[in-house]
């Protein structure tokens, strides 16, 4: 059904203006539902829109940004964001890749069953399962501590101690996202023709060498793309830290996006919230440009 | 013994023994590898399923509070009851919430996928001006956090008098679906040979006709996949619906769940679990039925 | 059914890619083959005829009707694609009926037509299967059926046999020729396989670098190639090409090749002049004798009906073809010489044929 | 087929000229076109800012015979309050047939939603919220000053405390419907007599605590108290016990004072020094669950949860005033806050004068004696009307629980209802939450950081000078940035294409 072949390069480079009609919905969405809020966000970040200046706010230049760069929280929040994004990415992406490789083995029975079971974390609405996890990780009566009690480990304050809180949110995020990466990588790995693996086997390659000499080189841009966008998605993943720890204890699990939300909606400082969001975007933008320069991952788009 | 065989014979014999050993060795390695693979897969499967099992079993228990539960409650037992489910279904307008959710999700999935089929085909097959820039933009938009969008969205939709209406939610939901699905469909269609739609053009269809009548059926896996994802977003959304909907007659399941679990004087844990199960099951069935499309729907093939 | 005429057709993809100034006429009912290596522009030409690409310049006529800018569906042209492009979600029957369905033909007529074509192609027992469930040769027939069913004015084929195995390919070649006769459809056929070209074509044109190099019957292409490109492209194994010099001294015109002098008749050259040329000899025109170019036999290939012998002369490899073994053993030295009546000379600079069959070619470039 | 041939030849004649080659400048044009579309999006910014309706005509009709529709958000917590609200509403609509009330239950009208709605000029006409949230909203200009609309005798019928709660800078900005605070619940099965002093309370708690770490289910705790879970509401009661306060009389935070520090130290020590509270409490619900299941002696909570606890503990439940500190002799003073109804400003909701009239009628009806009596009996809300308060006292003369609340009411502080209070709540959660970190933070440095954060945030919000926006200039700058970015992105991408 899905016959795959080398895409024939469309040499016909003539610009087709009628095609703009085809993508009109996309253009409208881009203009009104994306660019407009972004511009408005940029504009808010340059004003003093807050509860004291709710209707009569005005332009204050970069005052919000200079406040942020002078505040002691910024460093902690950015460090948290990095720990959270990098920590999540380095466990979930390789785990997904590993499971995809294991499931791609020939003559392995029960692939279908395993894959169905892996659907569970992905298929249940995340905001439900995050709250389930928050109950499972509760210090008193949480099932995780109960189970640890069985093997004689005393209860751990998973969500309320600064030592474990970040670990816990990364762990829950891992549970939430590894199936997605398993599926993505399964699709990528399956696109490698079997003959290449057989050729590698005939050449005497072991599993490890097949991985490093065949699979990875063929998929390097896919891996880069999935990893980098996984990183970005995690960076902007609001629900996990917000629902599990609310950024606490202290600000030990506060990431840029939850902090932006806190500023905007808890302190009613909408301008400062917008400024935090802009800072987050700028960091990501630089990150994408730099990584794309080295990995050329964007080239899988065209 | 030692002198029974000549040296040459000895070597030969040793080789025979070695070959036998080696064969066994490789056989064992293969078995070990298989066992290890299954072990890893089973561990991850347990990890994946346990929280869901936990929520299902809790929803069947009548424990009011978390600290009253014990490990014994994790196993099926005689105290099981469906009271939590009956509470949700009969004491709250559950079916109205379900209806609202279905109206929103089905409409926005349909609109979003229809529009993204058109634009995905165009992005793949037509010479859209500044195509590459548009593609970059679509992706770079994923860098923007939603917290920044909430207030501007509210202002805009308030201006158009779209708050507290179905349309006011269908528009942003389908817009969100359009962005992601366009990119998915574009990527998938890129992997299909152009000769199919060319053949259709030779058979008498116009370019547009060929794209729609030939490529759309061929891109069914990705369209189904995009539809599943497009369904998932509005179905589970709380942030936007919570902002835009203030009239109880328009509550969605997600808001209703918030209402049930937060609204009762203290959060009834079993009720919450039961609601989670009720809400999760449709999505899970959807994912399960379309499972094969979830793998083939991603089009990150190596040729790209 | 239809006659096709291309006038100055050009399509520039930039960087010297595309097709340039293509002119040819295809007669009604003719089997016309476009032959060339990959990247020569033959497929682009075909796609321009089909309307899948639009020409930048030039005009195209089908039955004296200008169709240069017509969309494909308005041209009344059918095409068979290299990968057959059978719609995978339709059955064989639906595939064959698809063009008729678009023409809004009645269901009964559709069925009758499809049945008729399927019978003729011998695929009437596959009608309810999906393309994924039938073999390559059967898919080929279905693709042909889909193209034939609506009786187009022109029939285009883009390397339709290249996905088949060798035996099936030979079989389908015969079949194709038979069908073309039977339907009497004007056909433009693109291939890189010169055997297909020679067996199928009424006329063939050879393209290189986006231009038509030569347009003639398949035998003429073999016997009088217009230049070194055609000479080496047509024929398997290719023509031996040896750098040589024509010298006119002492009222005698001699060809100096690898140190040997061979007398040339009827070569127009001024006394005392020299001219750099390429000597082209077909393998079957390479002869072994008592004197000539000293060569060393390297490889013998016996394919049954003929024997190929590969000789080394310095860095050059010369192939000789004969119906039987020459009796030499590998490593043995011998003397090779070209059949003087069959040898061809090509201009060193332009590569054009200047001398053939013992006389100068008309309008041959004369500059030294 | 012959038909299409004919059509085709017609088409051919009209298009005999050959097409031209690649027209690369069109690409640039396309970029400009797309960019223009985005700038269009940008300019929506300029026009989408909702403008509030013009100045309100000061004359409010004494009566209105025209039909009026008002929108109401926040009709009370589900359960008792919701029930009372609905029955009161039914009476109201019967009495004023020309007024239609569209209401939304409390659950989905959080103050974030209200703020967005108010900013968009789309707020409801009547909103129900706590006095401090309403105070901040009043300061933002979203709330109507009711001083001129309500006569003095009406205002005087409320207790002075609640009226003070709803007054900011001399303006009455809402009508209170109840008054509440926290007290000390105790389980009489575990503690026979209520503690009078903090020392006694700790003593009782220590006696009760039976911490068996093996399985959590058998542990009993004296006084579970999750320091970071309550956003400072319950903790505020303890500042006065140690002689401290949140804001001084100049509305400047004094959280780093030694008094406030010792108050927080006291709460911190419950877990880490006295060991009468379990570690790792993440939500109020966990404290409640322990209390409900006889596994804790005390809980600090308000009357709104009384019916819940009664359902679990029955006659074992009792409540008392928070005990006073032996060392300082001060009583803890919980924030004795109030929930009330207020009317939004025309700028926030576009409210008309007849809607103001209808809204005034509505909030007077919802806060009248009948409604408050019902709220007291059905939902346990403490009344804000003097008359209703007397009724309540009469009703509960024999009720030991009511006696406890009345004792507590004697030691309360007025809720600070100015906008700065906003910074106290979340910063409490953020900074005092740090004390979860077992022993690595010391309380005084945490309180200092808390103080600094609140001060700097207040300064940031109030000190920045606001200037009117020069739209032509900044719109131009934004447009220029977008154009440059768009064109730059285009050239960047097209440059790479050649490689």
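Per-chain numbering from 1; labels A, B, C and D assigned in written order.
The definition used in the following text is that contacts are C-beta pairs under 8 Å (C-beta built on N, C-alpha and C of every residue); 3 or more make two chains touch, one makes a residue touch a chain.
Just so it is clear, the structure is predicted and the values come from calculations on it, not from any experiment.
K.L.:
Of all the other chains, whose mean CA position lies farthest from chain B?
P.N.:
C
K.L.:
For this structure, which two chains share the highest number of contact pairs?
P.N.:
A-B
K.L.:
Using Cα averages as centroids, what's the distance between chain A and chain B in whole Å?
P.N.:
Chain A and chain B have C-alpha centres separated by 15 Å.
K.L.:
Find the geometric centre of each of chain B and chain C from their Cα atoms only, then give the gap between the two centres in Å, rounded to an integer.
P.N.:
Centre separation, chain B to chain C: 53 Å.
K.L.:
Could you state the distance in Å from the CA-based centre of chain A to that of chain D?
P.N.:
31
K.L.:
Between chain C and chain D, what's the gap in Å when you average each chain's C-alpha atoms?
P.N.:
83
K.L.:
What residues in chain A touch two or more of the other chains?
P.N.:
1, 3, 5, 12-15, 17, 20, 30, 32, 34, 36, 40, 138, 140-141, 146
K.L.:
Name the residues of chain B that each touch 2 or more other chains.
P.N.:
Only 66-68, 70, 129, 132, 134, 136-137, 151, 155-156, 193, 195, 218 qualify.
K.L.:
For chain C, which residues are shared contacts with two or more other chains?
P.N.:
14, 54, 73, 83, 88-89, 103, 150
K.L.:
Using the touch definition up top, name the residues of chain B that touch chain D in the complex.
P.N.:
For this pair, the touching residues of chain B are 64-68, 70, 129-130, 132-134, 136-137, 150-151, 154-156, 158-159, 163, 242-243, 245-248, 251, 255, 258-259, 262-267.
K.L.:
Along chain B, where are the residues that touch chain A in the complex?
P.N.:
These residues of chain B touch chain A: 33-34, 37-38, 40-41, 44-45, 47-49, 51-52, 54-55, 66-71, 74, 115-116, 118-119, 121-123, 125-129, 131-132, 134-149, 151-153, 155-156, 171-172, 175, 178-179, 182-183, 187, 190-195, 218, 221, 232, 235-236, 238, 254, 257, 269, 272-273, 276, 279-280, 283-284, 286-288, 291, 294-304.
K.L.:
Quick one: which bits of chain D touch chain A in the complex? Just the residue numbers, please.
P.N.:
22-23, 26-27, 30, 33-34, 37-38, 40-42, 44-45, 48, 52, 112, 115, 118-119, 136-137, 139-142, 213-217, 228, 278-282, 286, 289-290, 347-348, 419, 422-423, 425-426, 429-431, 433-434, 436-438, 456-457, 460-462, 464-470, 474, 478, 482
K.L.:
Considering only the defined contacts, which chain A positions touch chain B in the complex?
P.N.:
Against chain B, the touching part of chain A is residues 1-8, 10, 12-20, 22-26, 29-30, 32-34, 36-38, 40-41, 44, 95, 98-99, 102-103, 105, 108, 110, 114-129, 131-133, 135-136, 138, 140-143, 146-147, 150, 175, 178-179, 183-184, 186-188, 190-192, 207, 218-219, 221-222, 225-226, 229, 232-233, 236, 238, 256-257, 260-261, 264, 270, 273-274, 277-278, 280-281, 284-285, 288, 298, 300-302.
K.L.:
Spell out the part of chain B that touches chain C in their complex, as residue ranges.
P.N.:
Within the complex, chain B contacts chain C at residues 193, 195-196, 198-207, 214, 217-218, 220.
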